[in-house]
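So, here come the structures, one by one.
Both complexes below contain chain A, partnered by chain B and then by chain C.
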Partner chain A sequence: MKNSVGREIPRELIEQGWQPYQGKDAYNGTEFQKVGPKIKVADQGSEEKVLNSIEEAIRACGLKDGMTLSFHHHFRDGDYIVETVMREIVRLGFRDMKLACSSIGSAAPIVADCIETGVVTGLTTSGIRDRIGEAVSHGKLKDIAILRTHGGRIRAIEQGKIHIDVAFVGAPSCDAYGNASGKGGKSNCGSLSYAEIDVMYADQVVVITDTLVPFPNKPSHIEGIYVDYVVEVNEIGNPKKIASAAARMTTNPKDLMIAEDCVRVMRALPYFVDGFSFQTGVGGPSIATTIFLREHLKELGIKIGWIVGGVSTHMVNLMKEGLVGCIADVQDFDLGAIESLGTDPRHFDISVSEYANPFNKGAFINKLDFVILSALEIDTDFNVNVLTGSDGVLRGAAGGHPDTAACAKCCIIVTPLVRGRIPTVCDRVVTVTTAGDSIDVLVTDHGIAVNPLRQDLIKHLNAAGIEHVDIHTLRDKAYSIVGQPDDIQFEDRVVAIVEARDGTVMDVVRQVKPFSISED
Partner chain B sequence: MRIEHKAMAGTLESSDVMVTVEPAEQGIQLSITSPVIRQFGRAIKQTALETMERLGVIDAKVTIVDQGALDCTLKARLESAVYRSVGITENIPWGRDNV
Partner chain C sequence: MISTDRKNRLRRSMMFLSAQRPNLIRDSYLFAPDSLIFDLEDAVAENQKDSARFSLYHAIKNIDYHGVERLVRINALDTPHWQEDIRVSVAAGIDGIRIAKCESAQDVHTVETAVAAAEEEFGRPIGSVLLMAALESPLAVLNALEISKASPRMFGIALSGGDFRRCMRTTGKGGGVDMFTARGLMVLSARAAGVQCFDTVYTDLDDLEGFEKETQLIKHMGFDGKSIVNPRQIKIVHKVFAPSQEEIQEAERVMIAIRENAEKGIGIFQMDGKMLDIAFMEGAERTIALAKASGLYKGDL
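Right after this comes the complex of A and B.
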């Protein structure tokens, strides 16, 4: 059976109850019953939740083979929590564990070992990279991995599709009763939004901190009412890798050109009026776009009403200059953003449900005007891949990409036309992570293309004299530079399901096939 | 053209390719590594064989360590390596047939 982006959904998945993706608005008006966690009522006589070690916490939780553990990714490449906990899991001889991560990357190579040895047999995450991506793509994980968007992960938790037995939450500061914060410690990360929903739905919650502070640790991002145990360790992470000094502005002329064109497109659209809302990431053209917006805002005498999502110093600077009303934060990319969060009352954190959950009563991104996103690949149907590399191996993150693209009134993809010999614009992306029905404009260093579904935008760009071409022209240009790529060959076995934000199947990722040049 | 001694051209920088040619018996022995081998391995092989044929190289061991180079870069590095291997370093007949 094919879904609405033309991807074949294997029959065995349909038989297991998976539904094919049917478009970004297919779930509107859906009703469902939320699940709730099992709560062990606190002993009223005990005023502390502190245990001496992670092993003690694992034993106190009554951890068993086959249970699901959750982790958050706010410490990014500086994270020590996953590594520390999984080392104990291995040492204590547990098997068949299922991991539910908001994202997982290069900081936890032990997870790749655990997948190889069967200590970990299940995985759901939004991002997957390095050795863990290799292990899954080479078919080492026993279960099929499920790759979820940030909003889709929260929906799956609230629907009970992900049941978290134990949530491990790394926190820069915490009191002995479990009130935890992303600030106030040695290794601050700012917002803890990705953990906020986990602790509400996990049966048991363990906070791991390296800075134990007096009660009450308020304001807290994680409330003690959700926390069973607190463990103090020497280091929760490497502060240098958790947050850089400031996300760097690119000097790459291609990126700068793309960013300039992106801002020109934004300005030509009717959403570019006083009080508009804006989101972007920290890629080269994205930060440049944020910086270039300043002059246009000043010239027109307007300001951005609010910014949502991941936050960098550049956004904070715009707010300080009075060009942004407020920032709704789910993740902080650098020290300037961390410092500002909660210090300036206009800069506050929101949970990931409030940010991007498709199955609540209205997330922030439902009201978003512009989102500027990147892509590894985009095809002539405007489908975007941000998950698999050109070798077919998992090495990226869906993150909030499909969520924000689906919701924003205008989603602009900014990307160079080719990277090395890899064409970004192509006939057919390896993996669809974000459906073409969610993507509105593509801005490259070789031209702009508008999704023909958005004739309204085409009219505005034409009126503003902004040149744009059919996306097939950009594909032809890319192929004229790098040549036409061969299709990547895969085995039949499905190793990962790319779940759309509403829980349907957007695409599947298959096991990579050993490649030999002499086979042709 | 007969490969006289081992010669190299190119670098391991991104978007470049390092080509090594060495004397060999019995035809072209090709070795290719590339981060884009699944999409462009066939194209790289074809360009390498065509270039060797065009330069009249019949016996050679050709090692290609690609870092995502475009086809034009690959051709230039192949030619450079071959000319260096026969001691031609001036007035190089770039892109020319059989010298």
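Right after this comes the complex of A and C.
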């Protein structure tokens, strides 16, 4: 059976109850019953939840083979939590564990070993990279991995599709009763939004910190009412890799050109009025876009109403200049953003449910005007891949990409036309992570293309004299520069499901075949 | 014969790029400089000259540069490289050659002879490859007039500040006073010879403000454009060289009035109290050409 982006959904998945993706608005009006965690009532006579070691916490939780553990990715490449916990899991001889991560990257190579040895047999995450991505793509994980969007992950937790037995939450500071914060410690990360829903739905919660502070640690991002145990360790992470001094402004002239064109497109659209809302990431063109917005806002005498999502110093600076009303923060990319969060009342954190959950009563991004996103690949149907590389191996993150693209009034993809010898604009992306029905405009260094579904945008760009071409023209240009690559060879076995934000199947990722040179 | 259009085309921004770097030569036309200068000289290491020529040849043969002029900076005449540089450039179909460290009219003649031989060897129209000279020493600057007049292929001369400053034993920290005489002599010589004149590169890429100031200075001195080393500088040069709306409207009115009066058989006439004749046509035409290149003029002229 094919879904609405033309991807074949294997029969065995349909038989297991998976539904094909039917478009970004197909779930409107859905009703469902939320699940709840099993709570062990606190011992009223005990004033502390502190245990001496992670091993003690594992034993106190009554961890068993086959249970699901959750982790957040706020410490990014500086994270020591996953590595530390998994080392204990291995040492204590557990098997068949399932991991539910908001994202996982290069910081925990031990997870790749655990996949190879069967200590870990299940995985759901939004991002997957390096050795872990290779292990899954080479078919080492026993279960099929499920790749979820940030919003989709929260939906899955609230629907009970992900049941977290124990949430291990790394926190820069925490008191002995479990009030935890992303600030106030040695390795601050700012907001802890990716953990906030986990702790509400996990049966048991262990906070791991390297900075134990007096009760009450308020304001806290994680409330002690959800926390069973607290463990103090020497280091929760490497502060240098958790947050850089400041996300760097690119000097790459092509990135700058793309960013300038992106801002020109934004300005030509009717959403570019006083109080508009905006989201972007920290890639080269994205930060440049944020910076280039400044002069246009000043020239027109307007300001951005609110920014949502991941936050960098550049956004904070715009707010300080009075060009942004407020920032709804789910993740902080650098020290300037961390410092500002909670210090300036206009800069506050929101949970990932409030940010992007499609199955609540209205997330922030439902009201978003512009989102600027990147792409590894985009095809002539505007489907985007941000998950698999040109070799078919998992090396990316869906993150909030499909969530924000689906919701924003205008989603702009900024990307170079080719990267090295790899065409970005192509006939068919390897993996669809974000459906073409969510993507409105593509800005490359070789030109701009607008999704024909958005004739309204085309009219505005024409009126503003902004040149744009059919996306097929950009594809032809890309192929004329680097050639058209052969299709990647895959085995039949499905190693991962790319879940749409509403829980349907957007695409599947199959096991990669060992590389061989074709005969012809 | 070389058409005057080709010789006199707009050259506000002439961007250097190493002929050895595929990622640069692949699509640098995207930044829309007026001219690209593929460098075989200083940007290419001594033992990489051949591979750079190979890249250059295939790039020029295969890539559509969308109307951006393609020049090659060849190695200096006291090196073993310059003759092969010329053969490859001419064979590939380059628009023109920039002669590095040109000191005299004789240097131009030497290059011209080699270029003509290459045109013959590779079946290109004789006289089709343009020449420009980089003046890099005090002697070269003092010979600016004879160099500018040395060949009908010559379209311009360019100051090369790095070497010139080394010769003059100055640092460039004096706000350009060390190059003032050289710039003045060069622009004067170029105008006297009827060729274009280009200013040197500005190497502090982060100081865009200083770059803009220097560009304004050389524009007011009469230079036609500036050598640049980074795409970020292109927009600034084009902005500085762009005529104002008043200048464009004035030029448009002048051109129309001269034409209309000429049809009526009137050579000299008054407009807004100023005497106008055919001598004003060239300036007005240049203003409109600049306005078109800057995207500021959409009229019919």
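Assume the second predicted complex is superposed on the first by the 517 of 520 C-alpha atoms of A that agree within 3 Å, B and C clash if a C-alpha of one lies under 4 Å from a C-alpha of the other, contacts with A are read in each partner's own complex, and residues count from 1 in each chain.
In this section, a residue touches a chain if its C-beta (ideal position, glycine included) is under 8 Å from a C-beta of that chain, and two chains touch if they have at least 3 such contacts.
What you see is a predicted model, and the numbers here were worked out from it, not measured in a lab.
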Which superposed partner A:Asp329 touches (first chain B, second chain C, both, neither) | neither
Determine, under the contact definition given at the top, whether A:Asp437 touches first (chain B), second (chain C), both, or neither.
-> neither
Give one of first, second, both or neither to describe whether A:Asp502 is in contact with chain B, with chain C, with both, or with none.
-> neither
Chain A: partner with more touched residues, chain B or chain C | B
Determine, under the contact definition given at the top, whether A:Gln489 touches first (chain B), second (chain C), both, or neither.
-> first
Given the touch rule stated above, what does A:Lys254 touch, chain B (first), chain C (second), both, or neither?
-> second
Looking at the overlay, does A:Ile481 come into contact with chain B only (first), chain C only (second), both, or neither?
-> both
Tell me which partner A:Asp445 touches in the superposition: chain B (first), chain C (second), both or neither.
-> second
Touch check for A:Asp391: first (chain B), second (chain C), both, or neither?
-> first
Chain A residues contacted in one complex by chain B, in the other by chain C = 481
What part of chain A is in contact with chain C in the complex they form?
-> 251, 253-254, 256-257, 445-446, 481
Touching chain A in the complex: which residues of chain B?
-> 14-15, 30, 32, 35-43, 45, 67-71
Given the complex with chain B, which residues does chain A contribute to the contact?
-> 390-392, 420-422, 481-483, 485-486, 488-489, 515, 517, 520
Write out the stretch or stretches of chain C touching chain A in their complex.
-> 26-27, 30-31, 205, 230-232
